[in-house]
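Chain IDs A, B, C and D follow the sequence of writing; residue 1 opens each chain.
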Amino acid sequence: MAFHSFLPKTYYRALGSFDPVLSVDDGDTIATTTVCAAGRDSTDTEITPPGNPMTGPFYVRGAKPGDTLAVHFDSVCPNRPYGWSRTALAPNVLDPEFVALTGKSAGPEFGRWLVDPDAGTARLVDPVDTAIGSFSVPIAPMVGCFGVAPPAPEAVSTATSGPHGGNMDYRRLTAGVTVYFPVTVPGALFFIGDGHARQGDGEINGTGIEISLDVQFRLSLVPGLRICWPWVDTDDRICTIGNARPLDQALQHATTEMYRRLQQSCGMDPVAASIFMGHHAIYEVGNVFDPAYTMVCSVPKVALPV
Amino acid sequence: MAFHSFLPKTYYRALGSFDPVLSVDDGDTIATTTVCAAGRDSTDTEITPPGNPMTGPFYVRGAKPGDTLAVHFDSVCPNRPYGWSRTALAPNVLDPEFVALTGKSAGPEFGRWLVDPDAGTARLVDPVDTAIGSFSVPIAPMVGCFGVAPPAPEAVSTATSGPHGGNMDYRRLTAGVTVYFPVTVPGALFFIGDGHARQGDGEINGTGIEISLDVQFRLSLVPGLRICWPWVDTDDRICTIGNARPLDQALQHATTEMYRRLQQSCGMDPVAASIFMGHHAIYEVGNVFDPAYTMVCSVPKVALPV
Amino acid sequence: MAFHSFLPKTYYRALGSFDPVLSVDDGDTIATTTVCAAGRDSTDTEITPPGNPMTGPFYVRGAKPGDTLAVHFDSVCPNRPYGWSRTALAPNVLDPEFVALTGKSAGPEFGRWLVDPDAGTARLVDPVDTAIGSFSVPIAPMVGCFGVAPPAPEAVSTATSGPHGGNMDYRRLTAGVTVYFPVTVPGALFFIGDGHARQGDGEINGTGIEISLDVQFRLSLVPGLRICWPWVDTDDRICTIGNARPLDQALQHATTEMYRRLQQSCGMDPVAASIFMGHHAIYEVGNVFDPAYTMVCSVPKVALPV
Amino acid sequence: MAFHSFLPKTYYRALGSFDPVLSVDDGDTIATTTVCAAGRDSTDTEITPPGNPMTGPFYVRGAKPGDTLAVHFDSVCPNRPYGWSRTALAPNVLDPEFVALTGKSAGPEFGRWLVDPDAGTARLVDPVDTAIGSFSVPIAPMVGCFGVAPPAPEAVSTATSGPHGGNMDYRRLTAGVTVYFPVTVPGALFFIGDGHARQGDGEINGTGIEISLDVQFRLSLVPGLRICWPWVDTDDRICTIGNARPLDQALQHATTEMYRRLQQSCGMDPVAASIFMGHHAIYEVGNVFDPAYTMVCSVPKVALPV
């Protein structure tokens, strides 16, 4: 259960079986940094080409296909005072006829934010002349894109997501949360990047407030636990994540996986799991912007049988 | 602002331009009852054929196409101690290959619940031999299907939903909430029915705990307010509802309508409304079972400009 | 097997249980006219409000729920020399980001066509200054919207379609073809309208060349044949039609119905029907513009077992 | 314009920037072989793991990002007398409720076919006891999966498809046809495999008649032609291909690309292209089984302006 402080030098814009940047043991903790989606670091300097560049991959010794990798986030903190975002609603979340009538937004394509982690706020500084005047929001830092390598020889773009995780852009994936991924290659190969200071459901501007991060997380193995889609544990809920288009299919993946999870890990039979979900399931939208959308199915821990 | 206590004698299984059962004035309050989805009343007797039979229509004097009808729920209370539900997950919310492998659930098709409004609980009494043992849930009564007549001569089945409302099966539509519908025929013609003692997100069993209700609501007009999809006001949020398949299109309708609502009613310009939604929007799934799915977009009132 | 020459005086913009305009016997033939989608007749005069006004309903004596109504088209002929169309591609058939970039088409919203049934051509006369110069197409007259009443008390808008038929906008539904609909109300109640002089797959301009028609068709019953979705017989194929959104669901309906049809009417078992369809199925897109899209599944008659 | 006879020794199950197996010049012709989807060669021996193993990649000297690679198929011939297929309809092409009721097909999972290229037929030899008796079909050999490398460092599974081509499973992609792909990496890196002796629209059994092939094709460059999705030229049509889920999005990609193609290569302005497509477009379904579905939009060459 060692602690590794890791300074990244290379970045990947796909999750795949690339050479590991660090090998760690089951249970080790890593503290590192991530650049923002545009490849800019804590000094706001572009040090690698844009497109969700990833820190990693981290090789977990002993991880093998058929295991599950648990990632517990100790901390997720913006490490610079500037964030950026897009400003228009993504055309794919609006009615097509409405988009044809209104066309491309007249406003500037990008916004710039002053992020104050101590005050816990982000203030829009450009454009400032919007009809909402000075626009400030509480920050809620999160990690947009992270996960493990898909089966070799695949290497999946950090623009999208799948059973291996990736660009899920779900706002609850942050400090205090544990996320589980199915291991499909030796070492699991964990990647992380694409921090947001804040984002609403759906990432419907096409970005959150994009920012570089200091992150600290613990990587541990659940040998022999076979999952099909990412699982999440929060303080009060257990969740399953489906990544696909359309949203209907993402919902099918998340629902099917929760149905399996309740039987696999909570001792329910199919009838019990069905009824339980019918009365306790909650759905949340991760993103509806990326090539694969993200739907989360969760149930409250308090309702689970002891 | 009269008060009407109304005892229904006829029920409709479509929302359309049928003869009104009662005419009321703008601002009047109505107390009435609804049968459950199976047409069973407070004595658990089938008094009308099943299929979401509606109480109404109620004619609001002065309502005309181009106006908006506001429905404020004062109370929504189960009026009998028995509820029923389906017990399996709807096949359309699961992965098709998974459904093919597992087939039709082995369990009983229907469950029976003992509902105790005073204790605020519903207990599953049949089947009882599930692996979760005695299964009890807090009740959260809601109205599954309500709305106004669509444009004449259409009459839309109570199985589905649309701009006029209908079978939205969204669990937050209950006492304390105000729902707004676009008026398309003289008198608006309001219908209501399909009570649930409780339902998770998505109505993924294909039912909630189906029950008959005592309901009390106030009908008032917002002359000249043109809305395209239902609006909702809760204690702490303003919402817009989209009803369509696939879920992606329901989300487009809800998102577009919130974008319009923020400009129409909250003084935002397009850029401000886009950025505001990008950082404050929350999505909730009403149902993913009915012919049209229901997606809700909301923003917190506290974040709105004063 | 009488012949009825019928001159319509009223038109409906929904398919529902309205009073019949004519009652006929099983096997009778009807010759009548339809106005175009804009309610304009053979003299190009608007005689009824626009929105796919229907001629009918025709009551077929003896038809009862559980039967099937067969409609055989003897002839489908434009009865005026003018047609109209929209000129832009519908935004919903284009990539959303592309629509946002290009916005609403700069061209005129509507086009006007000179239709010459004898020459078998339609020539675009307004706008004429397009980069394709004088634009002429062979005509291929078809009926866009027709079908039977849905279950009472529903009345479904002529903008959309369903198991009862309706606005399918499939270009092969024309003279020589037999279309089958499930009867759900006494008398079946057949409606017809929305003629097109020509239309490509998908009705992607949002219209065909809209025109009024002289039509002649025979209505006959198949007692006790229970179908779920429309069937079609052409010279060389048997087809099934699914109407829904998204296109994926329309395809599921059409495919499931063909699977049932091959077992029900062609003596195949499930394995045979599956393999047969896997190697012979052909899909065609009716419309991808209306609220419900239309997908057609067909197999060649020549491949069917004798 | 050299001719290369190439014998593959390695196979990839992803399209990516792997080491080329052969470098050729613009205009060169290659004759080679492909194993079937199960990795079995002309002797029906499994020589590489299953999962659409690809022959290639072939490096085309001079190809650079921003160019287009044209692949002209001279011949596509099964090189063994045995084919295999799945026998059930894929659950995702059927109504979910129908799948739940009927469950997994009772028949054998796989079928075996005797393929006679000289006679031009394939005969099902196992199972033989289906209700269609001896089942024989004309062969129509085609290539299921082929294309170029996606942008590095991505490597996309041969299970799916995208702008780079891949597992499109469209039955008209065969001898005599030219297919165009956007080049995104130096050398283009062309891959080919997954032959079918025959397949209906949609690949709705989840396979065609899977077989190994002798293929001969010419690779040539169109420098500076920027396309977004694959283009196809057949004897009588020009086509564009969209690959995505849902089918609606695949159709949007194909339609948008045809709209661009007609403006880019056929001298039409937006209005002309819109009207032309509205009256001439034909849609065909490639596959509706793979992770990304394939929709083809085509127009007849004879209708194009000279």
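General observations
Simple rule for what comes next: a residue touches a chain if its C-beta (ideal position, glycine included) is under 8 Å from a C-beta of that chain, and two chains touch if they have at least 3 such contacts.
Predicted, not measured: the structure shown is a model, and the values here were computed from it.
In this entry, A-D is the pair from A-D, B-D or C-D that repeats the interface of B-C, since more than half of their contact pairs coincide by residue number. Looking at A-B and A-C side by side, the one with more C-beta contacts is A-B.
Taking the mean of the C-alpha atoms as each chain's centre, subunit A and subunit B sit 32 Å apart.
With centres taken as mean Cα positions, subunit C sits 46 Å from subunit A.
Residues of subunit D in contact with two or more other chains: 92, 94, 96, 102, 245-246, 248. Residues of subunit D touching subunit A in their complex: 12-14, 16, 18, 150-151, 153-157, 244-246, 248-249.
For subunit B in complex with subunit D, the touching residues are 90-92, 94, 96-97, 99-104, 246. Interface residues of subunit A facing subunit B in the complex, by the touch rule stated above, are 85-89, 92-96, 98, 102, 105-108, 111, 124, 127, 130-133, 135, 137, 198-205, 207-209, 245-248, 251-253, 255-256, 259, 267-272, 274-285, 288, 293, 303, 305.
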